[in-house]
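We call the chains A, B, C, D, E and F, going by the order they appear; numbering starts again at 1 in every chain.
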Amino acid sequence: MSEVSRRPNKVAKFATTLAVAGAFLGLAEPAMAAEELNSGDTAWMLTSSLLVLLMTVPGVALFYGGMVRKKNVLATLMQSFAVCCMATIIWMVIGYSLAFSGEGPFVGDLGQVFLMGIGVDSMSGTIPESVFMMFQMTFAIITPALITGAVAERIKFSSLMVFLGLWLVVVYAPICHWVWGGGGFLGGAGVLDFAGGTVVHINSGVAALVLCLVLGKRIGYGRENLAPHNLVLTIIGASLLWVGWFGFNAGSELAADGNAGMAMAVTQIAAAAAALAWMFAEWFTRGKPSVLGIASGAVAGLVAITPAAGFVLPSGALALGLLAGFGCFFAVMWLKHKLGYDDALDVFGVHGIGGIIGAVLTGVFAVEAVGGTPGLLEGNGAQVGLQLYGIGVTIAYSAIVTFILIKLVGAVMGLRVEEDEEREGLDVSLHGESIS
Amino acid sequence: MKMVMAVIKPFKLDEVRDALTELGVQGVTVTEVRGFGRQKGHTEIYRGAEYEVNYLPKLKLELAVNDDLFDRVIETIANTAKTGQIGDGKLFAWDLPTAVRIRTGESGSDAL
Amino acid sequence: MSEVSRRPNKVAKFATTLAVAGAFLGLAEPAMAAEELNSGDTAWMLTSSLLVLLMTVPGVALFYGGMVRKKNVLATLMQSFAVCCMATIIWMVIGYSLAFSGEGPFVGDLGQVFLMGIGVDSMSGTIPESVFMMFQMTFAIITPALITGAVAERIKFSSLMVFLGLWLVVVYAPICHWVWGGGGFLGGAGVLDFAGGTVVHINSGVAALVLCLVLGKRIGYGRENLAPHNLVLTIIGASLLWVGWFGFNAGSELAADGNAGMAMAVTQIAAAAAALAWMFAEWFTRGKPSVLGIASGAVAGLVAITPAAGFVLPSGALALGLLAGFGCFFAVMWLKHKLGYDDALDVFGVHGIGGIIGAVLTGVFAVEAVGGTPGLLEGNGAQVGLQLYGIGVTIAYSAIVTFILIKLVGAVMGLRVEEDEEREGLDVSLHGESIS
Amino acid sequence: MSEVSRRPNKVAKFATTLAVAGAFLGLAEPAMAAEELNSGDTAWMLTSSLLVLLMTVPGVALFYGGMVRKKNVLATLMQSFAVCCMATIIWMVIGYSLAFSGEGPFVGDLGQVFLMGIGVDSMSGTIPESVFMMFQMTFAIITPALITGAVAERIKFSSLMVFLGLWLVVVYAPICHWVWGGGGFLGGAGVLDFAGGTVVHINSGVAALVLCLVLGKRIGYGRENLAPHNLVLTIIGASLLWVGWFGFNAGSELAADGNAGMAMAVTQIAAAAAALAWMFAEWFTRGKPSVLGIASGAVAGLVAITPAAGFVLPSGALALGLLAGFGCFFAVMWLKHKLGYDDALDVFGVHGIGGIIGAVLTGVFAVEAVGGTPGLLEGNGAQVGLQLYGIGVTIAYSAIVTFILIKLVGAVMGLRVEEDEEREGLDVSLHGESIS
Amino acid sequence: MKMVMAVIKPFKLDEVRDALTELGVQGVTVTEVRGFGRQKGHTEIYRGAEYEVNYLPKLKLELAVNDDLFDRVIETIANTAKTGQIGDGKLFAWDLPTAVRIRTGESGSDAL
Amino acid sequence: MKMVMAVIKPFKLDEVRDALTELGVQGVTVTEVRGFGRQKGHTEIYRGAEYEVNYLPKLKLELAVNDDLFDRVIETIANTAKTGQIGDGKLFAWDLPTAVRIRTGESGSDAL
C-alpha cells in the first residue's frame, strides 16, 4: 500500500521538514521517516474519517430523502443506510485489498483481504494504516450511496443492493487503484485528483446516468407533481455534506498541515461561490431563488473543488466554484430536459457534470506553490490534457461496466418494483413502514 | 336543524369562531382542506420544472345549528370571513334531521 | 485519578516508545513521561468529547423521538435534553469525584467535588485533566439518557429527573469507579471493558428493564397502534449515534494512535455487520427489511463492540457484530413478547442484551497483539470467566439499587402521568407544546 | 495579522514550555518559536472551524426554522444558508483583510484582500494562517446569521442579503479588529473577550433589536397564534449549536492544550446551568417546563460563557450560567412584552442580553491562574469597568451603524414583503416552494 | 340511504370500527379534524405568551349506510364512542339519495 | 343544487379535476382522508409486532354543482376516477338548498 503517487510533493516537503528539524536538533537524518506516528495527523484523520461517514449517514440520506415524495422517504433513507453497512463489509473483505494492496497498474491484489496484516502498529505515512483504511472505507461508502439518487422512487431494494455490491468491487475498487493505489496508471501518468473528483464523483455520476437510462422513468414523470416533500431534510443533508466534505478534502492531505488548511479554505470558498452562482442563475431565469437551488449549487461546488482542493489557491477556487455553479445549473435545468432521462435527484447533473468541470479546471487553476504541479494558467497546458485523459478513461470504464452489471442484475432478479408498489410508495410496499 | 359547511381563508378562523361564539354557537369541527376555485394558486420551482400548484390551503368549518340560529349564522360567517378578495370561500347548508350527543345520548337540538 | 488500571498495555507501550525515542535522540529516559501534554492526543480527545455529547443531544433524543407517537415526541426529546443538563451539573458537583478521585475498591472519594483542584495545568496521562473529566462527563450524560427510552410515553418528567439524578450518583458513579477508577475492584481483577460495555450499556439496559417492569405498560399496549410516528428522526439519531460512537470507542484510547485507529475500524465493522444481520434476520422471518430494523441492528453492533473495541481485530469484530445483530434481534422480536414487559423503545433488548453479548465475546475474541490480553480463541478461557464475573456483578448491583431507588421515588412523588394526560400526549400535558 | 493581544498569557506559557523543552533536550532556545507548525493544534483548529460552520448550517438554520410557522420554514432556512455562502465570499474578498491585516486601532487595511499573500506555508502562531482565516470566517458567517431570527417571517430576502452584506463589512469587520486584530483598541485596552461575547453576540443582538424595531411587527402579532410549528427542528438546532460551540469557545484558544480543555469544560457547565435555570424559572412561574425554554436557556448559557471561556474556572462557570439563564428568561418573558417590539425569535433577548451578562461577569469571575487576568472576585474591580467600556462601545457603534444601514437599504429597495405574501407565507411567495 | 357523520375521540377509532364491521358496515371514510366545543383545549406556553389552544384533535367518520342499518349504526357508534366524559363528540345524519361505486358503476344501496 | 362528495384514489386527482374543469365546474374542495373499505390495507412491521394498517390514503372531493350539471358530473367523476380495481372509491350526493359566495354575498347557483 502506498499513497506516494498521490501526493509526491507532500512527502518531499515532509522529508525536508524532517531534515531541517533533524539539523536543528543536531541529529542525523532519520532513515524511516514516514513510519513515525504523528499524533496530530492521526487526530485529524480520525476526525476526517467520521466526517466522511457523516456525509453518507445521515448526510446523503437526508439530502435525498427530502427530495422524494413523502411515500418514499424511508425507502430512500434505507438505501443510504444499507449501502453504508454493505460497503463497510465489502471494503473490509476485499475492496481495500483490491484498491491498495500491491503495485499493479490496473488493480491491486488479494494480499490484504479481510484486512489481514493490518495491526495496531501498521503505519501508512505518519498515520496508522487502520486509520488510512478507515478513511478510504468512508469513500467507498459514499460513492455507491450517491448513485442511489438517480434511481429513487422506483428501484427494487434487493436489486439495488446486489448491483451496488458488485459495482463496488468491479468498478470502484479498480478506479480507486488507478488513481490512488501504488502503481496505479492514472496517478502514475500525472492525472491530478486530490480527493476523488474522478474516483468518486465522475464515477458515480456516470453510473447514475446509465442506471436511470436502463431503469426508465418514474410513473407520472412529466405529468404528476413529483416535487420534494420536505426540503428541510434536504437542507440538513446539504449542510452535513458541506461540513463533512472537509473530511473529504482537507482529510485527503492525510495530515494536519498547511496543505490541509488550504484545502479546507478553498473548499469553503468554492462551495459558497457555486451556491451563489446557482442561486443567482435561478433568480434571474426563473424569478425566484429556491432553497433546493442554493443547496444543489453548494453541492455542485463541493464536487467540483474535490479534485482541485490540494492544488489551487483561494482565487482559483472562487473562479472554479462560480463556473461549476453555472455549469451544473445549466445541466440540471436544461440539458436533462433536452435529453429526457429521469435522473430523479440529479446525480449525473451535479456529481457527473460537477466532477468533470472540476477535474478539467484542476488542470487550469493548479498552482505549483500549492500542490507542486502547475496548471494551464501557469503555462502548463499539458495538464489539462492529462485531466481530460483521466476523465475519459473513467467515464468509459464506469459507463460500460455499469451497463453490463445492471443488465445482468436485471436479467437475474428484475429491477423495478411493481407498478402498484410504486404507486403506493416504497416505504410501505418494500419496508412495511411509513411516516405520519 | 341545518348542517352548515363553510370553506374559508385560514387566517380568518379565529375571527369567525369568535363571532359564532357570540351568537351562541357552541361547537364547530374544522378540517384543513385544499381549495380549487377561481383564485389561482402559485408556482413552485423544482429544478428545471415549474409546477403550477393550483390549490390553496383553506379551512373547512362544519357546524350543525338550530333553525332559529341558521340565518344569523350564515350571515355572520359570510360577513366575518369576507375580505372582498377572490378566494374568500363558500357557504353551503342543507337540512339535518338527526343529531346525537355521544356523551349523553341526547338527540335533536339538545345535542348541539 | 488514574486510568492505569484500564489500559496497562498502553502505558507500557508508550513508555517503550519514549525509551526508543529517547535512545534515538541520545537522551536519558524521561522520568515523568505521562505528564507531558501531547497536542495530538488532546485534539483527538477534545473531539471525542463532543462526539459523545452529540450522541445524546441530538443523537439519542432523535433516535427515541422518532419512535414514539407524534403526541409524545417533544416530551421524549425533552428527556434527553434535560438529562444532558442535569448530568453535567451532577458530574461536576460530585460524580467525577466519586468515580475518579481516590483509590478505594468500591467508590472514589470527595476530594474533587466541584472539580476542585483541576486547573489548566492538571494532567491526566498525555491530555489535560479537564479534557479527561469532560470526556467522562459525556459518558455520564448518555448513560441515564439511554434509560429514558424504556419508560417513554408514560412517565412523569419530574419523577424521571429525580430518579435519574439519584441513579447517577448511587449507581453509575460507583460502577464507573469499579471498572475505570483507580483501585476499582473490577478493573483490578482484569475484567475488560474498553469503552463501557458494562458501565454504560449493561448498566443502563438493566436499569431500563427494572424501570419498565415497575412502571407497567402503556395504555393501549397490544391493542392500539403504537408504531413510530417518524422514522426519519430515528435514522438521523441512529446515524449520529454511529458517528458519535467513534468518540466513545476510539476516544476511550485517550490518545490518537494505532490503538485508537484500530478501535475505530473495528467499531465500524461491528456496527455494519450487526445492522446487516438484523436486516437479513427480519427479511427472512418477516418478509420485509425495515428501516427501524437496520437502525436497531447498527446500534446493537455499536453496543456490543464497545467493551471489545481496544482488544480485537477486524475479523473478530465481524463475528462479534453478526452475533450481536442476531442476538438482539431475537431478544427484541421474541424474548420481549414472551416475557411481556413494555420496554417502549427496547433499551434492554438492545443495550442490555447487546452489552452482555459484547462483554462475553470480548473475552472470546481478545487478541494479545492488540490490547495486551489474549481471549478464549488465543487459549485464555479464563478471560471469559472474568467477563461473566464483571457482567454478573454489574447486573446485580444495577438491578437491586435501581429497584430501591424507583420504589422510593414512586412512593414520594408518583411515577406515571394521569391516564388522561397519557391519552392526550405528554407534549401538551407536561410541556404545553406540540408539533404541527 | 496577530492574535497576540488576545491571549498574551498563552504565548508566554508556550514560550516557557519551549524553553523547558529546549533545556531538557539540551538545546538553545529557539528564536522563531511561534512559527513552527504544531500538528495537534492544527488538527484541533481544523475541527473547530467546521464545528463553528456546523453551528450555522444546519445549527442556526434549524434552531430558527423550527420556531417559525410552517409556511415560513424554508425561507428561514434559506436565510442562514445564503448568509453562509455570502459571508464566505465577502470574508475572502475583503472582510478578513479589514479585520486582521495591519495594525490600526480601528480597522485593518487592504493588504490581504482576496486572501492575497496567504500560502500553504503562511503561519499564524502554531497553526497555518489558512486555518486561522477559515476559523475566523466561520465567526463572520454565524454573526449575521444570528441576526436573521429577529426579522423572520416578514423581511424581503433580497433586502436582508444586501443589508447583511454591508453590515459584515461596515460593522462586523471593524469590531472584530478592535477586539482581536493587531493594534485593536479594545483588545489593547484590556477588555476581555475570549470567543466573541462582544464581537459576535452583543453585536448581533443589538443589530437584531434595531432591525426589528425598524421593520415593525408581524401581521397578527399578539392576535394570531404565532407559536413554533416544529420544535423538533429547534432541538436539533440547539443541540448542534451546543456541540458546535466547543469549536467556538475551545477553538478560540487556537491550540489543543489545557486552556482549550478548560474552556470546553466551563462551556459545558455554563450551558447546562443556564438551561436548568430557565427550565426551573419557567416551571415555577408558568407551571410547565417547555422544550423551547430549556433549549433557549442552553443557548443563553453558551452565549454568556463565550467571552469568559478562557478566563474562568468551573465554579465560576456554574454561577455565570445560572445568572445568564435567569437573566435571559426575564428578558424574553417580561422585558420584551413591556417594551413591545417583535423580535420574532428573541435574538436580542438571548444573544444581546446574554452577551452583556457574560461580558460583565467575565470581569467578575476571571481567575488569574486560568487566563492571566484576575477579576472582581480576585480583587481586580477595574476589570468590570473595562468590560462595561467594551460593552458600551460595541452597543453604541452597532446600534448606530445598523440603523443607518437599514434605513438606507429600506429607502433603496424596501424591507418588508407585501401583506399578501406575508399571509401566504414566505416559502411560497419568495422561494416558490413549500413543505408538505 | 343515509349519510352519517360522526365526530369522535381519536383513540376510539379502532373500537368503533370493529363494532361497525360486526354490524356489516363495509366502508368508512375518516378525516383528522380539529374540534371546538364545550371541552376546553389546553394551554401552550410560548416564550412569555400563553396561547389557549382551544381546539382538540378529533376524528370525523363519514359513512353512507342503508336505511335498514341506520338505527343500529347510530346506536352502535353512540355506544362505543362513549366515555361519558365531555368531548365525546357528535353524530349527525341526513338523507342520501345518491351513491355510486366508482369501480363498477353500481348505484344505490348496492354501491355501499 | 346538489352537494357531491367523492372518495377517490389520490393519484387520480389531476385527471378528475381536469375532466371537471372541462365540464365547467369551477370549484372543488379536497381533503386528505383515510379510507376503510373492501380494499385491504398493508402490514407494517414494528419490532416483533405486525400491525395491520387497514386504512388507505384517499382523497375526498366535495363540490356543489348546479342541477343541470349534476348528471354529467357524476358520470364524469365515475369514469375518470375508475381504474377497475378494488378501492376505486365512492360517489355520494344529496340536495343542497343553500349556497353563498362569501366574497360577494351572491347566493344560489350564482354562488358556485
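Criterion: a contact is a pair of C-beta atoms (placed from the backbone, for glycine too) under 8 Å apart; a residue touches a chain by one contact, two chains touch by 3 or more.
Because the structure is predicted, anything quoted here is derived from the model rather than measured.
Of all residue numbers that take part in the contact between chain A and chain D, under half occur on both sides, making this a different-residue interface.
Centres computed as Cα averages put chain D at a distance of 53 Å from chain F.
Distance from the chain C centre to the chain E centre is 47 Å, each centre being the mean of its Cα atoms.
Residues of chain E in contact with at least two other chains: 31, 44-46, 50, 53, 94-95.
The multi-chain contact residues of chain A, meaning those touching 2 or more other chains, are 25, 38-41, 43-44, 47, 227-228, 236, 256, 286, 288, 290, 292, 431-433. Chain pairs that touch one another: A-B, A-C, A-D, A-F, B-D, B-E, B-F, C-D, C-E, C-F, D-E, E-F.
Residue ranges on chain C touching chain D, taken from their complex, read 25, 27, 30, 37-44, 46-47, 49-50, 53-54, 57-58, 61-62, 65, 73-74, 77-78, 81-82, 84-86, 88-89, 92, 114-115, 118-123, 127-131, 133-134, 137, 157, 233, 236, 256, 430-433, 435-436. On the chain C side of its complex with chain A, the touching residues are 24-26, 38-41, 43-44, 47, 51, 70, 227-232, 235-236, 238-240, 242-243, 246, 250, 255-262, 264-265, 268-269, 271-273, 275-276, 279, 286-292, 294-295, 298, 313-315, 318, 369-370. Partner chain B is touched in their complex by these residues of chain D: 220, 223-225, 423-424, 428-429, 431-434.
The touching residues of chain C, counted against chain F in their complex, run 225-228, 282, 286, 288, 290, 292-293, 296, 332-334, 336-337, 346. Of all residues in chain F, those touching chain E in their complex are 2, 5-8, 31-38, 55, 58, 60, 74, 77-78, 81-95.
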